[in-house]
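Have a look at these structures, which come just after this line.
Heads up, the next two complexes both have chain A, just with different partners, chain B and then chain C.
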Partner chain A sequence: MADISERLHVVTGDAISARRRLFGRGMIWGSFAVLAIVAALQFAQSYNLMKVGFANWRPTLYAYAFWAVCLCWGQVVLRGEQGKRVLFVLPAALFTVAMVVFPLLFGLSIAFSDWNLASSEGPHFNGLANVRQMWGDTFFWNALLNMVYYVLAIAVEYAIAFGLALLLAADIRARKFFRVSFLLPLMLSPVAVSWMIGKSMLEIRFGPIAHLARYLGWENPSFFGSPWVARAAIEAMDAWTFIPFMMIMILAGLQAIPRELQEAARVDGASGWKSFWEVTFPLMLPVSLTAVLIRIIFKLKLADIIITVTSGGPGGATDSVTSYIYRVYRDRSNVGYGTLLAMFYLVIIVAAMTVLMKLVDRWMNPRY
Partner chain B sequence: MAETTAQIFHDSPADRSFKARRFAGRFAIYAILIFWAVVCLFPIYWTITTAFKTAPDVMRGHIVPWWDFKPNWLGWRSLGLSPDTIGQVSTVRDQFLLRFENSMIASISSSALAVGLGSCAAYGLSRFSYKFGFMRNPDISFFFLSQLILPPVVLALPFLVLYRDLALVDTRFGLIMIYTLTVLPIVIWIMRDQFGSIPTELEEAAMVDGLSIWGAFLTIVLPIAAPGMVAAFILSMVLTWNEYFFAALLTGTNAVTLPVMVASQTGSQGISWWAMAALSFAAILPLIVIGVVLERYIIKGMAAGAVK
Partner chain C sequence: MKTDVYQAIMRAQMSRRKLLQGAAATGATAAMGGVFTGAGVQPAYAADNEALRKAILKIPGVGKGSPTDADWQKVGEMCLGPTKARIKPGEFKGVKLTFMGLNNQNQHDFLFRGFLKPWQEYTGAEISWIDLAQADYNARLQQSIATKTVDFDMLEMGAPFEGDTAGKGLLSEMPDWVKKEVDIEDYVAYLQAPVGTWDGKTYRVTVDGDCHNFNYRADYFTDKDLAKAWKAEGHKGEWKAPRTWAEVQEVSKFLKGKKDPLSGGQAYGYLDPYKGWGGFGFYFLEDRATAYVKMPGDPVWLFEPETMKPLVNNPGWVRAIQEAMDLRSFEPTDQINADPGTTAFQQFLAGTGSMVTWWGDVGQDANTSDSSVVGKVAAFDILPGSEDVYDRKAGKWVKAKDGINFAPNCAYLGWGVYVTKRVDGDALKHKAAWSAAAHLGGKDLSLWTVMYPSGFQVHRKSHSNIDEWVYAGYDRDYITNYLASQFGSYSHPNRTVEPRIPGIFQYYSVAEDELAKGYAGHYKSAQETADAIAAAWEKLTDQIGRENQIKLYKASLGM
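Our next item is the complex of A and B:
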């Protein structure tokens, strides 16, 4: 984070005339009025109060874009140089607000409705019925529990990634070849991975991994038959794609450690194992925490592999929350209930991540 | 004489065992490295070879081409991409090319848009003090970065309904918008790091010479930050090219991307392995090329923020 002293300080003497100020204000509020009028007309139409003749909600979108442009331009007109600085952040902020805050609010309103896209009727507010349904939905709680298992498996992924990063940081030949080949799984689309590995290499009759398993003495290898094996197989595929991610971050951290520290440890007589635990590992803690936190965030989005390989089976044993909600929508078109589950999931995630980040912060910067 | 020929200086047993241990250590390191390289590369190899197999080859688990099976264009023929069908009219190929084009356009334009918006925002946040209402710089940064936590499923259903009302379902524009949103936090994360490492004296000097702040940004700072932008662009492209969840929900026929095409094949006809392998291989090929050629930038992008 940039310190205040690193910031760019520019003194500007903008003389902004009263007319220019009026023009700027007029532009912003005028375009806002256009947006408000268009939106009001569309609302009126959607509640059958008035026939305006809009085919869809596009006009409101265009009005929003128009208002956004006027707002940005108005900043410069109103505030001169200061406005030009705001122009750096404002477009991204307007974009994010439009794409996140508005849909979230909208999602909240449909989370408490019985909206089914398959039926011709619109949404009806149904109070806490969805919450009650969620409470009794064993599949959903099972999916949440699975997420806990999947997240815990990150510990193993982390250990493997750390080991690989140590090997790559060691003095080896053909480092570039190994680095590129270790990186490649990350580049592949999860859907292609689920075909390549899940559907074809783990295929019971003739997949190469099944052959190997039979050779090693597993009589009847079925990777998606029993719950725990299926979960492990899904986790292995996800780990396969994402281990390179943690590996690269840890490798970058390892290469930033000054060589003198390790040399000093060796001079002081520390063995390789000891110098790793007492020098390298503590130095790597901040990087490790960042890598693991980001990995958890990505893990919480896990869905593609499950949807394409098992679609949650056997009996919901491999379901992640996302893949379960996807099925709720796909099988029953139940937008209201699906949205409520998603919102509930978001609340849990935000709470858990906040607690986690606070704990990490407290642990890294202890206050005595 | 015997005394003079005898060796005077001996390696102590400890030193000799050290040599053996060192050799064993090297051996173990390379063994693990090669093992993991096989783990990483074999699925890709399997996909490429399976694309040239026929049914009996797949069933018998043949692996090495020319040695235990004869390469065959069967899989590529079903896509209309084998040498004998490439000149003919093929609806499957047209479909495939349309998906490919959709994926290309969606990933490239959303990454470009995200890098554009994100670089500006990251630059502003690293250089000026803002105050939007109660939000100051750290709050604004957090607002952007916190979007990363948002799981796609939370936005998916509201977006489905909103896009229906906006007539944006199954359009490339709709996909581009939502993809931009998903990669924007990552771009800002990388670029903030990048701009933070560029000294502000550069812009100060440029502005003394009469450039405006945007002029200094565009002509002085951006060229220096270009490697970071390339890294951000490539990472965004990888993520958006592989994106499946939104594409599966928000597209139907016209704007379908490659991952959706691959996934829909596994559902309906899981037996034509060669065709699936050819399709998967075509879907991952661009990224394998990018991964091999531009590996440096990808690593740079992911390492951003890891090392302060």
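Our next item is the complex of A and C:
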């Protein structure tokens, strides 16, 4: 039966001759050899091992395109109808390799290079030197520690977002107006927030918040002068921008909870708090975790507010990994080391997020 | 005649005779160059034309608010004479140029756009703009060079980058006619070759002269109450503006808790920019250090020329860092978050603090910018000095020969307009780019830019004519004082000139990070901070290439 069902999908008989097979294999491996040789020459030139005369990386790109065409064509030559089926997926896979895998490999090659834009020698492979430099780089580890503080603050952001979502889900006056109003900070550019709040409202001489602080008895208000206050100020600005994002996700979740559940809880005599804690909150956990996970990803990219307001100061107290990498790359043109830091940070993020998601999954779906 | 030009002439009180002279010249040019489309005031062909200079100086007039785009266009149109004498109308039709420059304080490129608008209308060329913030400039330029993606035909650039650009053959050599048109002989001595040149070829139209001067509030130092308190607290000497960094420290500490004579608010002394500024903030530590580390007769002050070993951790530099650390608690509360843009524009010009070092913008803007409140009380000097100086060769502190060792910091060597090699293959584009550069760096136009907020300061000998400044509306004493601080720095025999070596801003940037840690107390001492900077600089030199750096550093010192 299996034989028959398979044959139902085969249009042609595909009696492939040995000569045709040989031609197909020759085409694929021949084009691959061309790609390998061109790429090897290109790498040799880029690492100053020999001069080939390639002006740019296009020869390798053309060789790759040639190989990709031969590979696809070779599938049909070698496997006939079966090969045609492969063509539904193979071009997309090759495109993905070109757009994701190659850049990643290129990024890795830069990460293990000594490449300062001011150096007349250009990039050259330096083994693990960048890793050793990172290991002893106190600025980087300090920024990473700051990221831990910033990520922990998401717990507070989540509580506020949940509270606001509950408010907006309740039957209050002008609910639509408040929903739009509370969303506005999310629509603002973080750079605009930095200038409006960090550089204007928190300005110590004429800023209205500084005036208020003086009025309340803080004689010499300073929002970016000491490490913890500066960190809190940066966190507050970032939170103000992104709490609406979590709020709107939680609000959507709240609206999806069937009213009958709440009513049943009330009939059973549950108080407001009990009804929230025993019914609403557990039901909201999947949405909450998704919101928090996405917020963590956003938070790990925090840079714009820091760059604009404090440049990482005072003394690195507000630095984030991204703002530090930005300085290494932009101000010091240290492309090799900057790329290594970015790659390492990516690995940390991917690993941490994977572990976190596994833990969440285990918690949400316990295996007894 | 356009009414605005007529008004300019009337403001300049131009005589009928001069007007006729201008008209005659206009006619001559029209005859030579075809259709004439310019303004009525056109005798600009003679660069020294007094009437034109007077006319442009009254746009809008000192004390009459900040100039606007209309003013920049007006000035650009009135200074088109040299262009019209050489270029036919519409000669560059179809030519497209790309200009990369800055947008600091809404100056630089903003002015260039206005100045070049009439030039574009006349020549037919089109210019597109790449505007950069100061802090982004270095990265953008270095990236273009390293990735061989120079995508601009004209470039506003400082001389420190000449090693990165001219040294790598990326610039177009200045034609002789441009040298004559912009009169490069008129540049002040320190901006003449080797600045603007590489391997004997000239590349730069200078539009700016840079040095850091000492800006202070005269009202503080004439205030009787402060003078009385100074005596009462037992300080030595008269209450007067400081001449040494030791006095700056003493005065700044004394002012803590006193009242600002102008605003009645809290009085402050010197304003340190403790926050980094994309590398440019390091110049301000240099301001404090040069008097301690620059020995007369020895051009070396930043690196050992034979080894590129950093000098930044020698006792002179350490004293400068220590003094900046000591003063932090006497400065405004959030000073650790103040960069140089804050100290000059949001603090000093806005009435906070009594002393700041900066480029000449402060004196220029004090009377011509709407945001300044210190126009009547600002005063100037060259950078403070020191009674002793660290002799690096002897390895000890020595008494200054003339009592006080002054070492003005000629930071950045001014902005210039450069043309890139991209235009060299196309004769028309080449001529168009150099014509635009010559227009921006014209002698008459430069007089206007150095008197009004532009981002550019005095850089020509002809800018020292006090009468022209007074005619524009400046107070004679004020401008005499200001120009003395500028020209006094340029021509000082012990001035420090910045090395034109690749990656100089990387050195500054990494130093800013280490200083930020030091100021925040992460290092145990100023010495430890300085050692961290030195270690980072050594790494950087190795990465960029020590041998090449030594060669270029020595060349820049004239060794």
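By definition in this document, the second predicted complex is superposed on the first by the 268 of 368 C-alpha atoms of A that agree within 3 Å, B and C clash if a C-alpha of one lies under 4 Å from a C-alpha of the other, contacts with A are read in each partner's own complex, and residues count from 1 in each chain.
One rule holds in what follows: contacts are C-beta pairs under 8 Å (C-beta built on N, C-alpha and C of every residue); 3 or more make two chains touch, one makes a residue touch a chain.
Predicted model, so just to flag it, every value in this text is computed and none were measured.
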{"item": "Partner chain in contact with A:54 - chain B first, chain C second, else both or neither", "value": "neither"}
{"item": "Chain B versus chain C as contact partner of A:107, first or second or both or neither", "value": "first"}
{"item": "First (chain B), second (chain C), both or neither touched by A:66", "value": "neither"}
{"item": "First, second, both or neither for A:303, with chain B first and chain C second", "value": "first"}
{"item": "Partner chain(s) touched by A:223 [first = chain B, second = chain C, both, neither]", "value": "second"}
{"item": "First, second, both or neither for A:343, with chain B first and chain C second", "value": "first"}
{"item": "Which of chain B and chain C A:29 touches, first, second, both or neither", "value": "neither"}
{"item": "First (chain B), second (chain C), both or neither touched by A:333", "value": "second"}
{"item": "Which superposed partner A:276 touches (first chain B, second chain C, both, neither)", "value": "neither"}
{"item": "Comparison of chain B and chain C by chain A residues contacted", "value": "B"}
{"item": "Common interface positions of chain A, toward chain B and toward chain C", "value": "117, 205, 329, 335"}
{"item": "Interfacial residue positions of chain A with respect to chain B in the complex", "value": "1-2, 4, 6-8, 10, 55-58, 61, 81, 84-89, 91-93, 95-96, 99-100, 103-104, 106-107, 110, 115, 117, 163-164, 167, 170, 172, 176-197, 199-201, 205-208, 211, 240, 244-245, 248-253, 256, 286-287, 290-291, 294, 297, 300-301, 303-304, 307-308, 321-322, 325-326, 329, 335, 338-339, 342-343, 345-346, 349-350, 353"}
{"item": "Parts of chain A lying in touch with chain C, wherever the complex brings them together", "value": "114, 116-122, 139, 203-205, 220-225, 227, 230, 309-317, 327, 329-335"}
{"item": "Interface residues, chain C side, partner chain A - complex", "value": "135-136, 138-139, 142-143, 145-146, 164, 168, 274-276, 278-279, 332-337, 339, 346, 350, 352, 502-503, 505-506, 509-510, 512-513, 516-522, 540, 543-545, 548"}
{"item": "Contact footprint of chain A on chain B as seen in their complex", "value": "29-30, 32-33, 36-37, 39-44, 46-47, 50, 58-61, 63, 117-118, 120-121, 123-130, 132, 138, 140-141, 143-144, 147-162, 165-167, 177-178, 180-181, 184, 188, 196, 200, 203-204, 207, 212-214, 217, 238, 241-242, 244-245, 248-249, 258-260, 262-263, 265-266, 270, 273, 276-277, 280, 283-284, 287-288, 290-292, 295, 298-299, 302-303, 305-308"}
